[in-house]
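Given below, in the form of structure tokens, are the structures.
Okay, so chain A shows up in both of these, paired with chain B first and chain C after.
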Partner chain A sequence: MSTAVASTFATRWRDPLIVLAVILAGWQSLNLWGGDNVMTSPVATVRHAVELFGQSRFLPHLRETLTAYFVALAIAVFGGVSFGVLMGAHKLTGEVAEPIFTALYSIPKVTLYPLILLSFGLGIQAKIAFGALHGIIPIVIFSMNAVRQVNRTYLRTARAMSLTPMQTVRHIIIPATVPEIFSGLRIGVSLTLLGTMLGELFASQRGLGFLLMTAIDIHDVKTIMALALLISIFAVLVNSMMLAVDRKLHARL
Partner chain B sequence: MTDDKTAVAAELVGVTRVYPARAGHAPVHALGPLDLKLHRGEFFSVVGPSGCGKSTLLDVLSGLAPPTEGKAFFEGRPLNDTVPDGIGVVFQEDASFPWLTVFDNVAFGLRRKGMEAGEVRRRVDYAINFMGLKAFATAYPAQLSGGMRQRVCIARTLVMEPRLILLDEPFGALDQQTRLLMGDELLRLWRETGATVMLITHALDEANLLSDRIGVMSARPGIFIDVVETGWSRDRDSTLAADARFGLVSNRLWSMLRSESMRAMGQQTGERAAEAAE
Partner chain C sequence: MNPATVIRTLVIIGIVGGLELACRTGALPHTVIIAPSAMVASIIETLSSGELNGDMRQTFGAVAVAATLAICGGFVLGFLIHMSPRLRRAIDPLLGAYYAIPHVAFYPVLIVIFGLGAGPLIVLATMLGIVAMIIATLGGLDRVPRVLLRTAKVHGLSPSQELFLVRLPAATPHLLSGVKLAFSYSFIGVVAGEFILSTAGVGHAIAFSYDNFDNYRMYGLILFIIGFVVVVNTTILFWERRMVARRGTR
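What follows is the complex of A and B.
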């Protein structure tokens, strides 16, 4: 029995552990090859990342970034799902808005950042707007497709069972669309983080992106690496959780 | 018993159904005018060439679609664009909900009606047992074969205790052996529930084996060109296929359908050519 548990554990974690080992080995090699002025070692980076949390000036910046990110995410999720569902359910709205969103999806949003700065200023609002702009587009497109692709037989079944419109929405349309909408959320969550961080990098006075730019300006490699590590860990954790839920939702389809 | 034989479960009077014109397409006269009386407790099948309006007939008889002209009645009351209590419909496509377990799929309609949980469990357990799904009650449809999923859909209809069951080619997507076995199960269900059954099918042998009467439809617009009484006993099953009389009925059905099927093929070829020319 314990052998079976051990073997399941090994199968499940073997590949991620191999990937992690390769990354750490490559990272350490670059450190040995280029020295601390190019890239700090994994151990030194982790140590400095922990030290950052002990610095009183660090936490307000972290709070600023997390606030901007979660507010942007809330806007992207609420706005994206609402508008996407409307576009999917209402043919004319969908036909008008779909090309606009598809075009927005393909252009680099950075080109719009000056407009956002002019509209929202250098404060947290601009970062929130830029993060939400990145996240909302895939959420809209996936939500729209989810509603458009609801199996017609489910809707006929709803009519054959004399369900009310509210019952049809609650018990058929919502559960039928959730997996596809969640796939959009998964991409939206990643892109919102990207947008928020980009906003902080280009023009901002607070936040992790601002700290990163300051560290780049004074060539503080240790801080650059520690911040990059923290942001990466956050992104990987959030994305892994979303991916796990996504897989669970799609496993039944 | 005599009353049961003659009582009418559902009726169509002078029914036609015309689909209105869409962009680039002329209106389609799909059905009728036709009359039909389904006797209470009988097993009635409808056969006809593809595109003859069989599914439209089911839509009108269930209340899913209103007739363009004429009237549809269920137990003497006119249908008005809703499916009344007492009618259960099973579609050809897999209509099991992938987000629910087999148990929850079967319980779906009862819960929407606000039935008390104990009664839901009792009825669902019975239907699941009846359809041979007991071992799969906690499974999701994705874990089941096509035949099992169709059983889930039949159980979901059965559990509502319908007095009229309408089936639109429910075994169309299944392999031949599974079809035969499902046919036997359908007969068992029909006998035990005492419901009136109308089955739409394109398989002549299936219609022959299962039915008391078989309505043969013409190419579009579909009307009944004949109604064949099979005369089989109520406790029949798929072994009936070896009976000499079975072959005679099948031959009779095919001799009527052959020319209609050729007409239907001509219609479809003509429509495709017209679409290509546009």
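What follows is the complex of A and C.
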């Protein structure tokens, strides 16, 4: 039993691990080719990333970024789910608003950042607004589709069993829509991070993005690489956790 | 016309008209936003003055190169990955996590490697767009109906005939949505890069106008970029819809 589990584990992860090894080898060879001024080696980058956490000047920036990110995420999730559910439940609202949201999804929202800055000022509010703006759109679209695609038979069954509205929501609507809404949340979580980072890279005085920009100014490659690595690891970790939950939710259907 | 289209048009007219009114009456100060009519006037003025021709050339040139690389490269890579199930299994977690990474964080690294200019912009934009095209190619090839492939076999088509007459045409709607995404991402990559740190390009011109409190020019450029992307996307979308409608399948 345990050997069977171990072997499926090995076959499942062997190939992705080879891919990871190839990426690390490519990274290392870039370092060997260009030297530390172009790209620091994987080991040195990890070491510097760990060092960053020991520096007292690093933590306030990290806190600023995380605060902006989580507030933006909260706005995107609550706003996105409630508006998306409304659009899905009310057919006309959905038909009116859907093309507007799909158009908003594909425009380069980075060009709207000056508008956000002029409306919200240079502080943390602008970053929050920009992060939420990125995250909310996929959440709205996925939530709307989730509600629209609820199988009509389920609702008729609920009526036949004369469930109260509360019971219908509790036993039918929520179980039927949560997997799809969660898929939207996963994309929203990534895009909120992207929006917050974009906001910090331009006209910001604090946060990880600000540290990245100052590192460019003084050509501090080690710090640029360490920060990019930290942000990517955070993004990939959160994403893979959500992907695992996502698959479990969809498998149950 | 169906009622939803009418209401949507009215809503959009209402928003634009309301904005126009609020700006003209001074309810919204012109230091924050300018009237839509002024934005359009600014587009015409900026385009006809020719001052930004160099920036336009850099931006649209970089987008064209990056989108071409992303679309062609993504198609070829997607095709190769589709042929090797083992490679696909290996690379799957990477594809799944790819768009979770905020790629702009790597823009500084790219500047260090490629220097300022069009190089890092093209690399960033291609990186952003190519994976969307790979995923769309895989999806399109996966969903070619079995019955079509069997019909091809019955008719004794050679592998290349099967590919060009059956498999690729059947996958085209998916490929087109990949093209649309790859183009959008390339555009976002180039403009975001120019916006953050660059010495030329429309994104840089927007950032430069922002820094100089030149809202008139800035909003004109913003509307121009957004309008351009919306027009291109809508064109591809209609093409895609027509193709889906002609096939009657998805």
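Simple rule for what comes next: the second predicted complex is superposed on the first by the 248 of 253 C-alpha atoms of A that agree within 3 Å, B and C clash if a C-alpha of one lies under 4 Å from a C-alpha of the other, contacts with A are read in each partner's own complex, and residues count from 1 in each chain.
The criterion applied here is as follows: contacts are C-beta pairs under 8 Å (C-beta built on N, C-alpha and C of every residue); 3 or more make two chains touch, one makes a residue touch a chain.
Small disclaimer: the values here were computed from a predicted structure and weren't measured.
Peer 1: Regarding the shared-chain residue A:Val110, is it in contact with chain B (first), chain C (second), both, or neither?
Peer 2: second
Peer 1: For A:Pro99, using the defined touch cut-off, is the partner it touches chain B, chain C, both, or neither? Pick first, second, both or neither.
Peer 2: second
Peer 1: May I ask you to decide whether A:Pro175 touches chain B, chain C, both, or neither, giving the answer as first, second, both or neither?
Peer 2: Only chain B is touched by A:Pro175; chain C is not.
Peer 1: Could you figure out whether chain B or chain C reaches more residues of chain A?
Peer 2: C
Peer 1: Now for A:Thr153: first (chain B), second (chain C), both, or neither, which partner does it touch?
Peer 2: first
Peer 1: On the A-aligned overlay, A:Leu163 touches which partner chain: chain B = first, chain C = second, or both, or neither?
Peer 2: Only chain B; A:Leu163 stays clear of chain C.
Peer 1: Name the contact category of A:Arg57: first (chain B only), second (chain C only), both, or neither.
Peer 2: Neither partner.
Peer 1: Using the touch definition from the top, list the residues of chain A that touch chain C in their complex.
Peer 2: Those in contact with chain C are residues 15-16, 18-19, 30, 34, 37-39, 92, 95-97, 99-100, 103, 106-115, 117-119, 187, 189-190, 193-194, 197-198, 201-203, 209, 212-213, 215-216, 219, 221, 224-225, 227-228, 231-232, 235-236, 238-240, 243.
Peer 1: What does chain A use to touch chain B in their complex?
Peer 2: Where chain A meets chain B, its residues are 151, 153-154, 156-157, 159-163, 167, 171-172, 175-176, 178, 251-253.
Peer 1: For the complex, which residues does chain B have touching chain A?
Peer 2: 62, 64, 82-85, 87-89, 91, 93-95, 97-100, 108-109, 112, 140-142, 160
Peer 1: Provide the residue numbers of chain C that touch chain A in the complex, in ascending order.
Peer 2: 2-4, 7-8, 11-12, 31-33, 86-87, 89-94, 96-97, 99-109, 111-113, 180-181, 184, 187-188, 191-192, 195-197, 203, 206-207, 210, 215, 218-219, 221-222, 225-226, 229-230, 233-234
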